[in-house]
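In the two complexes below, chain A is the common chain; its partner is chain B in one and chain C in the other.
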Partner chain A sequence: MVNILNIDLTMVDWARAQFALTAIYHWLFVPLTLGLAVIMGIMETIYYRTGSEFWKKTAKFWQRLFGINFAMGVATGLILEFEFGTNWSNYSYLVGDIFGAPLAVEGIVAFFLESTFVAVMFFGWKKVSKGFHLASTWLTGLGATISAWWILVANSWMQHPVGQEFNPDTMRNEMTSFADVALSPVAVDKFVHTVLSAWVLGAVFVVGVSAWYLLKKRHTEFATKSLRVGAVFGLLATLLLMLSGHHSAYTVAQTQPMKLAAMEALYKGGTDQPLTIIAGINPFQQPNYEAADEPPLKIAVPYALSLLATNDIHGYVPGIRDIIDGYTKADGTRELPLDEKIERGKEAIAALQEFRKAKAEGADEATLNSKLSTLNSSMPFFGYGYVDNSAQVVPYIPVCFYSFRIMVGGGCLFVLLFMLIIFWLYKKDVSRARWLLWASLLCIPISYIVSEAGWLVAEFGRQPWTIQDMLPTWVGVSQLGASTVMLTFFLFLILFTTLLAVEIRIMCKTIKKGPQL
Partner chain B sequence: MKWMRQIWTFYYDGFRSMTIGRKLWLIIAIKLVIIFAVLKLFFFPNYIKEHAPEGQEAEFVAEELHIDNYKM
Partner chain C sequence: MTYAFLQHYWCFVVALLAALLVFLMFVQGANSLIFSLGRNADERRLIVNATGRKWEFTFTTLVTFGGAFFASYPLFYSTSFGGAYWLWMIILFSFVLQAVSYEFQNKMGNLLGTKTFQWLLVLNGILGPLLLGGAVATFFTGSNFIVERNNIVDPLTTPIISHWANASHGLDALLNPWNIVLGLAVFFLARILGCLYIHNRVDDKLLDKHDRIIRPLWSSTILFLGFFLAFLGHILTCDGYAYDPATGVIFMEPYKYLHNLLEMWPLLGLLLVGVVLVLFGILRSLTRKEWKRGFWIVGLGTVITVLVLLLLTAWNNTAYYPSTADLQSSLTMQNSSSSEFTLRTMFYVSLLIPFVLAYIVYAWRAIDKKQITQDEINNDHAY
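On to the complex of A and B.
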């Protein structure tokens, strides 16, 4: 790869790997917190309404598991912010102003809501009224969910930068509209889809743990009732998740068509596009999308991709080659070919150079405004100025393709699981369906794989952009030696694996002990 | 003052009556020490603060991005 910045590409790869490792481990803790928060809230609400001690103890048991997971996960996300400042300094500097507000709100809300109400939830059973305790339980979950919102707002801005203006004097993006950043369609879709996926994972966890008690013939009433809450909540959440997934796909098609093309391994697009169920793609090699129109052994659902991406079964969906060559969008506007984008990107960099030079030489305002105008018109393509060839702008297709299928396939599996459990709960004796109970238990690790696969789709799919169209990864990194990042990569691996092992151990011990009914 | 005392008692009693919570707080404390006193201090300096002269951060980043010597 030709690299005009003379940055060690091994450093880019290690910095990416480290960020991915940290984010993946962090995401092992977050969804269970968000999912269990709702389920324990539902259980405590039943206690509040019925006054039944059974539901109080049931809610307390799930709150204990929530507490373990919460304690293990807390602060693991902070390391991502350290990485921004050290490994991704150029990126961090360019976006600092945009991330400042959401992350500050996240910190304040998380600290006050969670630290106050978590304490009331755990310490306040005998100290505060039933209503206040219930409110605290729900507010704990709300606090965690609002935290997630701001983190996802920051992530969404990288995928779809809106509400900002680049300041050539300070070399930073400055926020022009907080509302545009916080409520961008990508942020809203990402928040809804991510939180719903966390609810599903929480439901699968409750169903799986309850199934274990039934398999062991212990705490059967507790397990059956928890199973009921988990399965009904899980089914509703999964159905909503599917709806939000459809909307997310539509938004991705509008804002990041290359991501959708990579997810689908759509080399050459067109109208009436089918949705691929499976195809023969080598997981270890980028396919030759230039040579073939579609991957081999493709099995697909007719028209489904057009429907997903455009809400019209005959809609036009661009493939990888169309995006590189340029195409006409549904609204009649022309998406520029890559060569032209590269030229515009180079113009933007040159305009920025000229503006800075003119400013340093004390040029008059009219000259500066003229340079600024040239810069602003080409700024949306700034990042393309650092691109040399088309291969650099195509994400790694196998990861996007298979992760997407694992995510969607997992969602379908959970619908089936929840439906079967509800059927057995209401029509038969679920404790006799041992195969279903084992399947429920097995679905706990599967739900984590599915959840992580969702993130892989989102993050691999946006490559090579740290900020879409504005900053490719090899420009966003610091000029550090790869060995420094390698060292911390392995340190994190040890630290996070230890944390995970400790969590699993404490969690299993607590589950084994069971609820104190 | 009464409400402050009530809050203090609330937290004091809560922490005293913890069972598994003690272990979790210990883990949180160890984790925070590792994150802030080891990782942040020794492995994650702020690259720009360390390399750019104070007040010259924009120039430094422009140089890192090769803006000032970019040739089309």
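On to the complex of A and C.
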């Protein structure tokens, strides 16, 4: 059938690399925007209620850091939106009918809210009333959060496509239910988990910067009060994050079992599955999941994976080999083996080709219906028609495995950090716990690594699919030369890295200068 | 609401967003003049701060334009962005530079120095309007692409539906002189709007503005009129890309855009209104030193004129994104739009637009009650 050798796979890799680069950079800035938005909103609310100049200046200081960070988030976000068209043009056509809508809603509903009120927030201190300014600060954060909602709706649809059907006349997927797309359980989970993770990062940032002032014995009142707001907010966000993480894992198990299997390096599944804490997986090589039953040096918590994935300690969790060979799901239905899915996918492609040909030749209704019937029965496997072998459908396990552990481990670390800070703030003198202050400072870079790890789990685990089970990456790309995309990759790499260096230095200088109290 | 109505409606919304984007490129226009309007560091900073309070609107409108085009005409999105890769990449690159240049340039610790970022603003001020104008011109002049839906199931070819027909990936658009002509017209229009915005926003005492803007305003006006009228004359006399709704066939029709204007006479009236407003606003600003509303009058004229020009490329059975490589690959509202369901759903979302516009106006007025002064730059939040 379709010969994937016609596609320049090197170009596919560069297109993926460019999108990943942009998304990684974008995700360096967005979480801080989302997290700081709430924290500075809380601080300005205290100012509004108390009239205290101290809180006004405190809020203004964090807003200054917010502003430095905000511009880079906006800039990288612009590139991301248009890269769907520039690098993934086939994808844009095949699912644009569904995927474009959340992006348009994001622009109309969220971006304008954010961009309008961010200007009032920065420039309106002496121009608008206290109430209007406070509303602007919260509306800026709300705009950023609504924006996250819609982009995560779009992303969740790629993880778990719902509310659409394929139209053989237009040769694309078309939306049948906006509510199914916008309120999909995967989208709700992803939004809650992602935004909470951003709040945690914002809290760690505030805690870390405040700790630095205490270490330097500067602005101690400002630092102690910021530390209190950051730690309490951070602890609440982290606890909620853990709850949402459990729910997300359950959803992943139901909708993307291969992703869960890769996250766990679960080669051969079964009932009563333990959750791996750590195992000896070579980070630079795809493990031999065909030969081994489990990775070496595995330390695990009994039954925990079954509980996480099925809400039942005896629940069945499929491993990579089970997914390739086929298995029986909890509801008794049979998940087809990969070979059969590939065959059905090729049938769907052939039926679609025959339908198009018959229609062009003016075939009668009965003939067309017969082709359509074949197409519809095999359509759920359409994407598999472009797959040749099992190695293509298994994500790169080491990245998924280690990223997942970094993400979960980081979450646990932050709970501990926030609890310790709150303890020292209320029971002792936190400025004397220098080890804790240093740990808080160190947690700033760690929080970024943890945050990026979460993104890597979500996106690497989806591979090789642009849209889960529907469209592999090599069918979603634009027709470009590998050298063209490689060149823009390096241009963006140089540009983003230079700007990141400038931003970090400006941030450090601004922090060093401190709040103007 | 019929499918045809929704296709026309979304074409209108996208064209309106594009028209607003052209108006909002006053930010780019003023930035391209940073070094000629601002004669010292303080004056340059004043100009940067004047446009710096509005750059987000331009940026957001660009993003929303992209999102709305994607949602309503996904085949255009995939064909144009995936095909004219280099053209769009250069545009995007320049906008990234703009986004950070405001925030970073006067901050302590800026590794690259203030002037570097000001020159990046100038670069965006030139490339943004020039290339976006050139890209818009291709709606009249055509682009070098091929669309073949059957590729997705053809075992003998790549399963990619649309692609550029040569290796230039969009740079060939810059070889068509008419694309350059419209690009230059948009560039000089942006400079006109930029001059008028500075006149409107910055405290008189600071720049002695009217005297300062008069020269670039005159030169930009003359050049804008030359390029714009040449382009208008060209499109009203050239063959256009027509579409037969009965057969779906696309064909060349002499004087197609002139016919469109005459057959959709309200658009002709609007075009005249738009052009008159632009000319009136410019001329009155040139002759009345104390009159500062030129920015709004010319801005309104710009939105109306650009809106009409864009609607001419799509309404009245016209192929809005013509292919010079394969005429039948040309995109029309009918063959490239989203499904009726998606367009209808998005229609309901678009009812929020008046509400969005209302709060933008409210916030804009709140921020712009007074002109920008040196005192504000020194003692309040400033770039």
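One rule holds for everything that comes next: the second predicted complex is superposed on the first by the 507 of 517 C-alpha atoms of A that agree within 3 Å, B and C clash if a C-alpha of one lies under 4 Å from a C-alpha of the other, contacts with A are read in each partner's own complex, and residues count from 1 in each chain.
Convention: a residue touches a chain if its C-beta (ideal position, glycine included) is under 8 Å from a C-beta of that chain, and two chains touch if they have at least 3 such contacts.
The shown structure was predicted, so the numbers you read here are calculated from the model rather than taken from an experiment.
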**OP:** Could you classify chain B and chain C on chain A, in the superposed arrangement, as clash or fit?
**Re:** clash
Original post:
Given the touch rule stated above, what does A:M175 touch, chain B (first), chain C (second), both, or neither?
Top reply: second
Original post:
Once the shared chain is lined up, is A:S89 touching chain B (first), chain C (second), both, or neither of them?
Top reply: both
**OP:** Could you say whether A:N311 touches chain B, chain C, both of them, or neither, answering first, second, both or neither?
**Re:** neither
Original post:
Can A:I68 be said to touch chain B (first), chain C (second), both, or neither?
Top reply: both
Original post:
Which partner does A:L103 reach: the first (chain B), the second (chain C), both, or neither?
Top reply: second
Subject >> Which of chain B and chain C A:S52 touches, first, second, both or neither >> reply: neither
**OP:** Would you sort A:Q353 into first (chain B), second (chain C), both or neither based on which partner it touches?
**Re:** both
Original post:
On chain A, which partner touches more residues: chain B or chain C?
Top reply: C
**OP:** Could you tell me if A:T328 is touching chain B, chain C, both of them or neither one (first, second, both, neither)?
**Re:** neither
Subject >> chain C region in steric overlap with chain B, selected from 79-87, 133-141, 187-195 or 295-303 >> reply: 79-87
**OP:** Could you list which residues of chain A make contact with chain B in one structure and with chain C in the other?
**Re:** 64, 67-68, 71-72, 74-76, 78-79, 82, 85-87, 89-90, 92-94, 119, 122-124, 127, 170-172, 349-350, 352-353, 356, 475, 478-480, 484, 488, 491, 495, 499, 502, 506, 510
Original post:
chain A touches which residues of chain C in the complex?
Top reply: 53-54, 56-57, 59-60, 62-68, 70-72, 74-75, 77-83, 85-86, 88-89, 92-93, 95-97, 99-100, 102-104, 107-112, 149-150, 152-164, 167, 169, 338-339, 341-342, 345-346, 349-350, 352-353, 356, 359-360, 363-364, 366-367, 369-370, 376, 380-381
Original post:
If you look only at chain A, which of its residues touch chain B in the complex?
Top reply: 4-5, 64, 67-68, 71-72, 74-76, 78-79, 82-83, 85-87, 89-90, 92-94, 119, 122-124, 127, 169-172, 346-347, 349-350, 352-353, 356-357, 385, 475, 478-480, 484, 487-488, 491, 495, 499, 502, 506, 510
Subject >> chain A - residues contacting chain C, complex >> reply: 1-3, 6-7, 60, 64, 67-68, 70-72, 74-79, 81-82, 84-94, 96-101, 103-109, 111-120, 122-128, 132, 136, 167, 170-172, 174-176, 178, 349-350, 352-353, 356, 386, 475, 477-481, 484, 488, 491, 495, 498-499, 501-503, 505-510, 513
Subject >> chain A contact footprint on chain B (complex, rising order) >> reply: 10-11, 13-15, 17, 20-21, 23-25, 27-28, 31-32, 34-35, 39-40, 43-48, 57-58, 61-62, 64-68, 70, 72
